[in-house]
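Two complexes come next, and they have one chain in common, chain A, joined by chain B in the first and chain C in the second.
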Partner chain A sequence: MEKKLYEKIVMNHKPKEHRIKNAFVAFIIGGIVGLIGQGLLDLYTYYLNISTNDAAVFMIITLIFIASLFTALGFFDKMVNFARCGLIIPITGFAHSLTSAAIEFKREGYVTGLGANIFKLAGTVILYGIVSAYIFGIIRYFIMGGA
Partner chain B sequence: MIYLYSFLFAGLLCLIGQIILDNTKLTPGHITSLFVILGSFLDVFSIYDKIVRYVGGGALVPITSFGHLLTHGAMMKANSYGFIGIAMGMFDFTASGITSAIFFAFIFSLFFKPHD
Partner chain C sequence: MTNKYNNVYLNLVATVVGPVEHNGPLSKRFDRFYEDMYMHEKTFESAEVHLMRESIDILKDKIGKKDRINLFIAGDLQNQITASCYSALKLNVPFLGVYSACASNVEGLIIASNLIDTKKVKNSIVSVSSHNMVSERQFRNPTEYGGPKPMSATFTATGAASAYLSSIKSEIRIESSTIGKVCDMEQNDANNMGACMAVAAANTIYKHLKDLKRDVNYYDLILTGDLGVYGKEILKEYMQKEYNIDLSRNYNDCGVLLYDRENQKEVQAGGSGPVCSALVIYGDIVPKLRNKDLKRVLYVATGALFSPTSIFQKENILSIAHAISMEVVE
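Now for the complex of A and B:
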């Protein structure tokens, strides 16, 4: 009886602690990615002497390049498993899903495998991004009369 | 100060995503889709532009910025070309990110084998 009670208490407490730890890790890692983004933004505007908008494009491409390279080298999967949403919500998650799908399905051929499945995970972001942007664009265009 | 805001904003979005992931049955795909829709919704009343002005890079890194830029590009073209501009300008700002992500994914998949 006591053992059952003990197990029940353990079951009640175990996932909760994990959830708090996961949320904390996601917050810290996600914040660090945001810091890196702002740091790169300042670096590019200062050294390349370009506008903030251009530097933002450079910064996004740099992050995508790093995430793709680390995924291809094999250790980004472990980082994603550790940080979860801390690396999935930033643009690194988009690059990671594309590269990991491309590498995983390469063995089924370049057209039927890689070509057909590269958007298997990232396609949902593009699809719902376009559909929602179209609908919200129409709403804004007709109700508010453009930007 | 903008570095602190960057850290807090990006961290907060990831925290919300992680809480949704842990407490519901939604997958990471659902969560990224939700955040993209949220980002493009926040652009309707130009809220996200204000966030970017205060937060800087921290607001450009999360996937919400992708939805924001889609709507933003569509509205920029819609201003000068009318209704059809929504389709013309949709990818104006996100083209660089999508193109480089696809290109790097293909190039790296040529040279690397899966690590299982």
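Now for the complex of A and C:
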């Protein structure tokens, strides 16, 4: 049988993902994470009497800490499975990818395992994050004169 | 290549499973189970070795001291099939390691049957194991990451299964076997392995029936290894269109039988892994053959041949299927 015909049979029996439901769940959960972030931001600026910029750093650290803690306690993966991009796209997903890789490779030693593999998933984000920041920085410099 | 055997018998089987398999519909059919994925070991890899060793120990208890074991054949999914090697060290008999991914069990059974039939060995133990977490970290993401998967993905079964084959007569006879060919249908979705492997299963079933000049209804049951619920439908349609063979009457898939997909949502399309088919065959089908509820069963294990590297390099996922026919001794 031709490969194209086989592909047709495969496509006939391919389950349909619940894209709309997934997007909706991700939208709501991602929104809640954003809401918590904004709440923390307001809380820190109000009670610690610091600038919004400083409070933003505190807020990010708090979210990273919570996500890492939940990963280490072993239930964040189940939350990710439910919320999908709602938890993967915010900073919580980044923290989760680091912590999960760290837990995973601890058994292979701190140097050859944990150290070498902790950025296994997050490495991509860091590399292309820096590269794109660099490119946009240059564009911004030429268009807006570094302002 | 199809071979017929005259004096090969499946004497005894032993199975050990993890928590998810224990919560499935075949729960009571297994010899032992674990509530925890670590099986009292420090790593998932040693947990898998523990499972395989335990299944061999249970089997040895069943065999008793009457026979010296001539040969041990085993396979698993760990890098360089290490779980099998560590288990072989403890068993301390001549060892052959086999790999054809999830078809490893039948590959082992075929090698053992050939050697027993030609009287090169008197008996052999064939074992396979797989561990969900080991496969997750090897083929996918870190286990705690738990990235969401599409519905067509299958769930690697956790457990180990061992069988004792010999020339000593028992209720179940290994009647014939077919060694399959590697197939490629340009599939490359590692989350839809049923689609990759269905073609190999079809090819092997067709070849088996043709070589032995049998009708598909000769068998009471034809079981594929781990195509999952969608792969099963692909196989049925492909068989009908390509070979004009109707599988609707006597065909099922082990990956679908091992779990209760309604209540165990995490298994997605069904079970996979070398132990998946072995657990269903040894846990469910072998007792049915012994009770003569079934008389002739064709067991077609399917394997997807790829590595994480070949996937990232955008190579196609190849597939293979080996078949073994089991019959009740009248």
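Everything that follows uses one rule, which is that the second predicted complex is superposed on the first by the 127 of 147 C-alpha atoms of A that agree within 3 Å, B and C clash if a C-alpha of one lies under 4 Å from a C-alpha of the other, contacts with A are read in each partner's own complex, and residues count from 1 in each chain.
The rule we apply is simple: a contact is a pair of C-beta atoms (placed from the backbone, for glycine too) under 8 Å apart; a residue touches a chain by one contact, two chains touch by 3 or more.
Just so it is clear, the structure is predicted and the values come from calculations on it, not from any experiment.
Specify the partner with more touching residues on chain A, choosing between chain B and chain C.
Counting residues of chain A touched by each partner, the higher count goes to B.
Which of the two partners, first being chain B and second being chain C, lies in contact with A:10: first, second, both, or neither?
After superposition on chain A, A:10 lies in contact with chain C alone.
Could you look at A:81 and tell me whether it touches chain B, chain C, both or neither (first, second, both, neither)?
second
In the superposed arrangement, which partner chain does A:121 touch: chain B (first), chain C (second), both, or neither?
It touches chain B and chain C both.
Applying the document's definition of touch, where does A:138 land relative to chain B and chain C: first, second, both, or neither?
First partner only.
Can A:63 be said to touch chain B (first), chain C (second), both, or neither?
The first partner, chain B, only.
So in the superposed three-chain picture, is A:43 touching just chain B, just chain C, both, or none of them (first/second/both/neither)?
So A:43 meets neither chain B nor chain C here.
Which chain A residues lie in the overlap of the chain B contact set and the chain C contact set?
Correct list for chain A: 71, 74, 77, 84, 88, 99, 101, 103-104, 107, 121.
Under the definition above, what is the set of chain A residues touching chain B in their complex?
On the chain A side, the touching residues are 18-19, 22-23, 25-42, 56-57, 59-61, 63-65, 68-69, 71-74, 77, 84-86, 88-91, 93-95, 98-99, 101-104, 106-107, 114, 118, 121-122, 124-126, 128-130, 132-134, 136-141, 144, 146-147.
For chain A, which residues are in contact with chain C within the complex?
Listed in rising order, the residues of chain A that touch chain C are 1, 3, 5-7, 9-10, 12-15, 17, 71, 74, 76-78, 80-81, 84, 88, 96-97, 99-101, 103-105, 107, 120-121.
Show me the residue ranges of chain C that touch chain A in the complex, using the header's touch definition.
42-43, 137, 141-148, 150-152, 185-187, 192, 195, 199, 230-231, 233-234, 237-238, 241-242, 269
Flag every residue of chain B that touches chain A in the complex, lowest number first.
2-3, 6-15, 17-19, 21-23, 28-29, 31-33, 35-37, 40-41, 43-44, 46, 56-58, 60-63, 65-67, 70-71, 74-76, 78-79, 83, 86-87, 90, 96-98, 100-102, 104-106, 108-109, 111-115
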